[in-house]
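Some structures to go through are shown next.
The two complexes that follow have subunit A in common; it is paired with subunit B in the first and with subunit C in the second.
Right, the complex of A and B next:
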């Protein structure tokens, strides 16, 4: 009989875990529901992609213009009939005081709104080249140096960072990665919503569950006074290995449930059907004056997959960290406190390191720091998000935690169980 | 054969056991000593939960730490404070213990049914243990220790919480089991081992004081145990001169059983010493200390 199966059962026995899962899913669905008002508008993006493809070039631009003109004409016919007035731009309709939705039927309002959205796309397409030609990353480097008070070596690292990012930007422009249709980031902020608001919320939710479960399962025998019976059995201290396996499996289960259910609802609410292949560095995805420049060409689908992989890796790290603490401490409440303390310390340290020390960079290579900005994973945003940030953090912590786990297990093997 | 070879155990500067030498072959061994004498420390070393500071424990000639799983699969152990999962039924809990003991699922299920019947818990086999009495829990503990049909059965205070009827049944069971295995029964209750132990091991001052059959051990105080009846008013004075073992009221007098090394008086009747007399005599200082506390 596999002992880890029994250990895995313990992970999900606690009613607290089930209640928290339900509560967290409710929070996630509530967040999606609150954002769902724009779902109809987002459908227009998919319609445009379906009609013209997402690659922006002269031919596509011309077709879109013609489509927009026809839409605007239809809209003006409607407004002439309703208000005795026509508009040069659909957007002007919404800025005028006489706009009263009650005069229009839902269908009529939809025609005007859709025209305004198409107009938004058409107008933004005209700005793409100009926006990217005006990007000066050396200025951004200077701004960052001033903003973070960097000097000496750290300032040099910053300048070097932006040179590399500039190379990537040139490559991106050359390949036309930015010239793809996507939800308009300035308006809908879908990247921030999915990867910052929702994903970060899920990261913390799963982390809470993982820490609770791992602390619970690992200390279970000591908490229930069954340690003498269990560790004197044939399996002996190897039971701790079974607990590690069970904890890792529980983490994968919890991550799958929270991610699976939440993302299923998310993609049912928001239609991404035609957008999976669009690079994340698309101009339309930008939400701020500084664009999202991914370090590699990452279509949305691949980007999401990568984020999910990093999500799970971080949760596995939290599992092993909690497990190692629990083997040493053996009291689940103290384990939770120790984990919180470690979390706090890992966030505190980069903030107190002198700005002139390169430690300001490498102290951020922790899973605790990493999970704060999932929307910037694989993206060159500022000097604290270098190209190697994700994989270096993953490799360093995999090695570190492998060593910690081995040391912990060797220690437990020689431990006096009283 | 299980051999404890020059084993000492220290916790920092505190020495719990000193140079223990013991040999166990098939039979019941009563490990008899007051609480805090080091019985549990010795047992935890025999179960590999703690390790000797010096010396070694050998099973069939090989160090038990080196044998690891191969040794522990021969082992059945009931700890003094037997922990259990409150929300599990005996069946679920024993299935888990069976998995820890590396047993096949089918074998475990069959064995669980047998053992629950043996310890008279078959009616509550699927009930959650949180509502069980101390005696019922102890019986689950006994069942889990015997689950793998162990060659070495170590029971630390196994009769705690059992009623007199259950105690008798348990003793009979152990006698039967001990025919082809080592049964080590640690207790401070003399009656638990008196009728069934082939050998008694008494630990005092961190060392083995006596190891032998009950008759051999009783020889320690042979010719020193007497009974007499005295008026109550003389009792205080009398007890200053002898070591009182037990007292009871009989026909308006105090009937006292005692140990004395002096020449017996005519009113004293010599009696055959029993294990409890030896226990009380050997541990008189410990018992007085704990009574004072």
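Right, the complex of A and C next:
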């Protein structure tokens, strides 16, 4: 226990670690701050969900329509008074809006904006069925094959993939998973913002810190020329094992600090109350013509937790990878370079294997490739995101790294360290 | 001199040089190669590039109203050829696509018409039709050249207006594809050079201090002068690395075949860019090179001094993370890519250069002075 504490102290005594943590948190808060302009508009969604629930059915739709009509009426009363004009749609008002900006008070403008948002929901709900019935995944398969220049076996895999995704889509439509309210993805892009911009930024930040710390702690004795004393002590070479544990603990610490602080601010700024149970495959979450189809029914809260779990697993992988390199190289400067090279190589390989070989699929099962698209985890997006992608990558790399660590230990135990 | 040679040997250890090669190779593969392999990137970029060359061949580096009329006539002629092409094909006549005009405005939402259009454009990739599209784009640029006045977000100053007016009047011919391609490339090359320098120079002092060599160095006859000598070594090494990287890059860049545009003026309605000075593409390239050198020398001195003050490798790498973010995300955009663009004040680039040199010399003299009196044992 004591040894772990001292090893952890080595990790955090460097001022650079705390400076970097502060700086990264500042970046994250800055990103959130830049996006925060829409927070008032997002609250309309929470109100709607509170009023009508998030499940879209005939009854709810009718209620929403009545609500929308009353809102529109109120708005028209206001505009008649102010401009002597009424509108059929609240959206029409905004095409003429800029000339009138001075006439309206903040509050009045708010009424109109709110009406426009409710209108957006009301109109989009009418489109849901049509949008999903027009989805043709075999067309998407063809497009993918063209886009990536696949042929032969790989093209077959692609068609197979979309058949599977199609089954899932049918199941999803059957269960009405898509018929749920959420922030309008086409407008606000909250899914991309949270899971792509913010999450990916955090992944890289934590990765940088984790690699720096792990390289430092693992090679500490060699760098400070204390290795002859420490590895000759009673604890002996088992000290390396303690270092591994300390590194993993440090990774968990760093991850929780960065994730905890950033997500806390995020959810304070953006109100998700009432929306935690809404499936991620909801129609309103979509941001592109092609919808987000999660491979399982994942409510937002559970989806977020799953993403966080994968986040931490990936960081633990990076810790062990750096650790193994460090035990072999013993100079942490070169360890950092080696890690960067490994990262680059793992991204490079899928790009240069021929398109006809199935290697283009399995070479992507690396944590390095995985972290590039956190917003597509557990989601069927294109042929490179199969159902087993996340857990297969985790399992394969857990086994792989376990073997590597054992080999590393065996080697280190008998190594001449003089 | 001998010390500098020994120090150079220490910087260019075989291990480090090999790693630098691998880093550069991977970086080229991941980021730079794309702009070599895919230049011009698809169509109509290829056609725009070709036609720009043709324009320079026919009209020289400037195009006046008369030549523009001629250019339009060529377009009309090709349009007639396209009409003939369509009329010679039964299925197009039947679908009512017997002239290019109709073909262009056809409603591709309708499936059969969409397929017929796709057949020519994407399946057969008929050059004539792509070329027509490219010519339309260029004609449009020339005719709407007044839109250059809106390339700056904020209200224009009198000087900016003057520059834009000059550009519009000049009728300079330059290919937007070539210019964009070069800017993308030089951005990544600058990033690669910065990474290379950080990687190679970082250990320069730290290594000695971790090995406790510094005690021997400072107490022998050369004494603390060696600090200055090592800084000079860092400059030589950085200059060498930058030269090698740039040399390699321009060697590969020759494959992009832009020789014809080297004498083109980059202030052009066809690239939709205006700069403060009447630079040719070649002069612009030289200017970016000068910027990169200035940037790398300032960076070298900062990295070297960091290396002298950082207690261990985690600190030196950790402190360079924000520095790298700053350079990649902000500085390169202002100091390497599209320099002297009209959106920034005219004196921005010269003052940036002066500032870089000032920062560099200040850090240099300050660190040399400080090192003379520093207490090594603490």
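Convention: the second predicted complex is superposed on the first by the 414 of 418 C-alpha atoms of A that agree within 3 Å, B and C clash if a C-alpha of one lies under 4 Å from a C-alpha of the other, contacts with A are read in each partner's own complex, and residues count from 1 in each chain.
What we mean here is this: contacts are C-beta pairs under 8 Å (C-beta built on N, C-alpha and C of every residue); 3 or more make two chains touch, one makes a residue touch a chain.
Quick caveat, the model's predicted, so the values are computed rather than measured.
Engineer: Clash or fit: subunit B and subunit C on subunit A?
Structural biologist: With subunit A aligned, subunit B clears subunit C, so fit.
Engineer: With the two complexes superposed on chain A, say which partner A:404 touches: subunit B (first), subunit C (second), both, or neither.
Structural biologist: neither
Engineer: Return first, second, both or neither, reflecting whether A:344 touches subunit B, subunit C, both chains, or no partner chain.
Structural biologist: A:344 sits against subunit C, while subunit B stays out of touch.
Engineer: In the combined three-chain superposition, what is the angle centred on subunit A between subunit B and subunit C, taking C-alpha centres, to the nearest 10 degrees?
Structural biologist: After superposition on chain A, the angle is 80 degrees.
Engineer: Taking the superposition as given, does A:216 touch the first partner, subunit B, the second, subunit C, both, or neither?
Structural biologist: Touch partner of A:216: subunit C, not subunit B.
Engineer: Figure out whether A:135 sits in contact with subunit B (first) or subunit C (second), or with both, or with neither.
Structural biologist: Touch partners of A:135: none, neither subunit B nor subunit C.
Engineer: Is A:104 contacted by the first partner subunit B, the second partner subunit C, both or neither?
Structural biologist: neither
Engineer: Could you tell me if A:245 is touching subunit B, subunit C, both of them or neither one (first, second, both, neither)?
Structural biologist: In the superposition, A:245 contacts neither subunit B nor subunit C.
Engineer: Touch check for A:227: first (subunit B), second (subunit C), both, or neither?
Structural biologist: After superposition on chain A, A:227 lies in contact with subunit B alone.
Engineer: Identify the partner contact of A:396: answer first if only subunit B is touched, second if only subunit C is, both if each is, neither if none is.
Structural biologist: In the superposed model, A:396 contacts neither subunit B nor subunit C.
Engineer: Report, in whole Å, the shortest distance between any C-alpha atom of subunit B and any C-alpha atom of subunit C after the two complexes are superposed.
Structural biologist: 5
Engineer: Kindly list the residues of subunit A that each of subunit B and subunit C touches, one partner per complex.
Structural biologist: Of subunit A, no residue contacts subunit B in one complex and subunit C in the other.
Engineer: Note which residues of subunit A are touching subunit C in the complex, please.
Structural biologist: Where subunit A meets subunit C, its residues are 14-17, 19-20, 23, 208, 212-213, 215-216, 223, 331-334, 336-337, 340-341, 344-345, 347-348, 351-352.
Engineer: Along subunit C, where are the residues that touch subunit A in the complex?
Structural biologist: 15, 19, 22-23, 26-27, 29-30, 199, 202-203, 210, 312-319, 321-322
Engineer: For the complex, which residues does subunit B have touching subunit A?
Structural biologist: 44, 47-51, 68-69, 72-73, 75, 77-79, 81-87, 95-105, 108, 141, 144, 148
Engineer: State the interface residues of subunit A toward subunit B in the complex, per the touch definition above.
Structural biologist: Interface residues on the subunit A side: 1-3, 5-6, 13, 221, 224-236, 238-239, 414, 416-418.
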